[in-house]
C-alpha cells in the first residue's frame, strides 16, 4: 500500500516564472517526509507536482522526471486521474464539499470510481473515518453537512475522504496551518498511524511539527525573491534538527534566517 | 487499527493497477467527425430528406454517438463520459453563437443605413408615410429623462433597502423583504407598466390634470423604477455580504458606531460592485419597451418636460416604427435599435470597466 | 500562507461563498484603521454594552439611519401589495362587464358592446411559449456557461463571458425585430420540413407557417440564452477553487469534477437563473408582439401561424382600448402577475430551502 517516490531534476514553472529548480529527492515507502523552508521556496509547488495538481493552474508546467515505483507519472500515456487516485492530497484549508453530507464526502472518491453498492460504501466510509480518528465523533450524524464540523474535524474528514480511495501516497499541504493546537495534535497523531499504510509527504511551516512527525526532512530555500526554490538539504529528521551539514539549514532551524 | 486494514470483501478496485491508460489516438476525434458527416450525408441525400443543414445536425449526433462508443471501448466508461460531455458542451457553444452572431450582424448592417445627422437631430413630427427622413431625437430625449428620473428614485431606495436586509434586518420581517425582493425580480415589465397605468395614469394623475389620464415620461420613470428596484437591491445586497466580517468587526472594535461603519467602511468597500449593479439596472431599464408603451403615451414630437404630455423612448420608437406601414420605417427602426443597443452597451461596458478598475485600485 | 502564487492558498472553502474577485482585499485591515475616525465615539447599538459606559442615545444618528433603511425595506412590500391592489381595482369593473366566461372564452372583444373577452388561450400561449423557450435555452446556456468557465482557455473564457454579458443587455425589442424580419424565413422552411416528416406528432401540424409559436419561442430562447448563461457563468465561477481541487485530487475527470464540485454547489444559483429566465419568458412582451400571429385559439400546433400571449396581447391591443378595454387588459395583466408570482414564489421556496442546507453548514 505504499510506494517510493523518486524526483529527478524536477523543475516547475508558473508561466515564465520558475518556482523550483532541479529538485532531486527520494521518498521512502511508509515514512513521513517533511518539506520545510521559508515562504516562497517552492515546497508546496514541489508537493503539488507529485500528484500533478500543479498543472491544474493555467500556464503551470513541470519538467524533469517524477517516478512512483519506477513508473514515470509525467509519461505521455499516463492517465492523470489514475495518478491522483494513487497519490491523494490533503489541502491547507479543510475543503469538504459543502453540498454533501459527511458520509457523501467520505465516499465521494469511491462514487467517482463507479462504486454504487450502499453496503460497500458504508463499510468503506466507516473504515476511512475510523482511520482518520473521526468515527466516534460523527457516527451519529453521517447525514449532516460536512461543512458543519469544526475546522479540525473537517480536516480529518478531508483526510478520511482522501484515504477512502486507498491511495498509496498521501500528500499534505500544511494540513494544520488553519487549525488550533488540539486539532493539530489530533492530526499529528493520525499521521503516526497512517504511516503504517501510506507514504506521507507533508509541507509544514512549523518546525516543531516537522521534528515531531517526520522521519526524513527536506529543507528548501531560495536565494532571493524571484529566484527558483532549491533543495538545500535532505536527511533524517534527527540529523537535520540536531546536526545539519549545511550552514543555511542550521541558520533556518535555529531561527537566524527565514 | 493496523490489523483491520488488510482484507475486506472484493469490490471494484478504486486503485488502478497501472498508471498507464489506453488512449484514443489524436486523429481519432477528427476521423470520427468525418465519418459521422459522411454517414449523415449518405443518409440525408440517399433518402432525400433534407439539405446541408440536416447533414450537419445529423452528423453532430452521429459524432457524439461514435465518440462515446469508441472512447468507451478503448478508454473506459469514465473517460468516454468525460469526452462526450466535453463535446456536448463545446457544441452548445457553437450552437448558440450562430443566432446571436446573426442578430448582431443584422443589427449593425441594417442599423448603419440611417445613421446620419438627420436621424439624431429631428423628431418624427409631421413625418408622413412617404417621407424618408425623420429621426429619433425626441425618443432619445425621452429615454434619457425617463431613465434618469427612475435612477434618482431607485438608487437611494434600493441601497437603503439592501442595507436594511444585510445590516439591520432580523427575523421574519427582514426575511419577508428579502423574499419579496427576489419575487419582485420576476415581475414582468408589462405588469409594472399596467400597475403604473392603473395607479398613476388613471387614478392619481387625473387629480392635477383636469380629470384626464396623465400619460407622461414621469409615469414611465415610475414603471422603470419598479423594474430597477429589485435589481439594485439584489446586487447591493450581494456586494454588502461580500464585505468580509473582520472589516466590520475591526471598525466596531474601535468604537465606530454601526451606521458610520456602514457608510464609511462597508459601503466604500462594496461600492464598485454596487455601482456596477446600478448601471446594469439602468441599462436594462433603458431597453424596456412595454411599460413605456403603456404609460408614456408615445408621441412624435419633441417634449422636454417629463411631467406633462406624451413622451416617447428609443425602445418604444423601435416598436412603433416596426409596426408602421411606410417603406422607410424599417430603416428607422433598425437605426434606432442600433442606437439603443449602443447606449445600453456603453452603460454596461462602463459599469464593468469601472468595477474592474476600482477593484484593482483597492 | 502559500509560498508560491497558487490559488488554493487563498481560495474559500466549503460553505462560504467567495467570489474570486472579492476575496479579502489586500490591505483591508489598514482600511479599517484609516476610516475608523474617533475611537471614542459612543457605541450606539449596545455592541460593547456594560456598566459605566455612555448610554445609547434614543434619537441618535443610529436610530435615524436605521429607521430610514427600515422604511426603504418596507417600501418593497408596499409596492408589491400596491401592484396587486391597483390592478384588482381597475380589473374588477371590466370583469363585471364581461358577458362571457373570463377563463374559457377564446377571443378578445372588450371594446364591443357587450364586451366579451377570455384569458384561456392567452394564458395557454404564455405558458407554452415560455416553456418551449426554456426547453431550448437552458441546456444550451448551461453548456456555454460551463464552456466559458471550465473548458475555454482563461482569456477566451473571460472575453466571451464579457460578450455574453453584453448580449444579455440587448433589449428584447431588438430580438423581436430580428425574429420578425430574418428568422421567419428559416423557420418557415423548418416548419415545412418538420410537417413533412413528423406530422404524425400532433404538435407539428399543418400551416400556414411563419409567425408561429415555434418562431416566437425560438426568438424567446435566443433572447433568454445570454441572460441564463451570464447568471449561471457567475454561479460557476463562484465555486470555491479548493473544492474543485479536492475533486481533482480524488482522481476525478474534468466532467466528474464539474459534477461533484461545481454543479451541486451552483444548483441554487442555477435554479435562480432558470427561474429568472422563465420570468423573463413569461412576461416578455415586445419580442412576442412582433413575432406571434395573434390569434385567440388554444392549439398545440406549434408550426401554424398564430399563438398569442398575455403580454403580447396587451401590447397589441392597448392602443385601441377604451375604458373597458383597458380594464380587460389590466385583468389579463393581473393573471400574468399571478402566474409569475406563483412561479417565482415556488422557485424561491426551493432555493431558500436548499440554501438553508448549505448555509447551516457554513
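A, B and C are the chain letters, set down in written order, and residue numbers restart from 1 in every chain.
Note that contacts are C-beta pairs under 8 Å (C-beta built on N, C-alpha and C of every residue); 3 or more make two chains touch, one makes a residue touch a chain.
Note that the coordinates shown come from a computational prediction; the quantities given were computed from them, not determined experimentally.
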Pair of chains with maximal C-beta contact number: B-C
Farthest-lying chain, centroid of Cα atoms versus that of chain B: A
Centre distance in Å when chain A and chain B are each reduced to the mean of their C-alpha atoms: 44
Cα-centroid distance, chain B relative to chain C, in whole angstrom: 9
For chain C, residues contacting two or more additional chains: 253, 256
Residue numbers of chain A (touch at least two other chains): 81-83, 85, 109, 112-113, 165
Shared-contact residues (touching 2 or more other chains) in chain B: 78-79
Residue ranges of chain A touching chain C (in the complex, touch as defined): 14, 17, 19, 37-45, 48, 51, 53-54, 56-58, 81-85, 88-89, 91-100, 108-109, 111-113, 145-148, 154, 158, 161-162, 165, 173, 229
Chain B-touching residues of chain C, taken from the complex the two chains share: 18-19, 21-22, 24-29, 31-33, 35-45, 47-48, 60-62, 65-66, 68-77, 79-80, 82-83, 86-87, 89-90, 139-144, 146-148, 151, 162, 165-167, 169-178, 180-183, 193, 197, 222, 225-226, 229, 253-256, 258, 275-276, 278-280, 282-286, 289-290, 311, 314-315, 318, 326, 329-330, 333, 336-337, 340-341, 343-345, 347-348, 352
Residues of chain A defined as touching chain B within the complex: 1, 68, 71, 73, 75, 77-79, 81-83, 85-86, 109-110, 112-115, 117, 120, 123, 127, 130-131, 165-168, 193, 196-197
Chain B residues touching chain C - in the complex, by the definition given at the top: 49-50, 54, 78-79, 81-82, 85-86, 88-93, 95-96, 99-100, 102-104, 106-107, 156-161, 163-165, 167-169, 173-174, 176-177, 179-192, 194-195, 197-199, 202-203, 226, 229-230, 233, 239, 242, 244, 246-247, 250-252, 254-260, 262-265, 268-269, 273, 280, 283-284, 286-290, 293-294, 315, 318-319, 322, 330, 333-334, 337, 340-341, 344-345, 347-349, 352, 359, 362
Chain A partner contacts - residues on chain C that touch it in the complex: 1-9, 11, 13-15, 153-154, 240, 242-243, 245-253, 256, 260-261, 264-265, 267, 357-358, 360-362
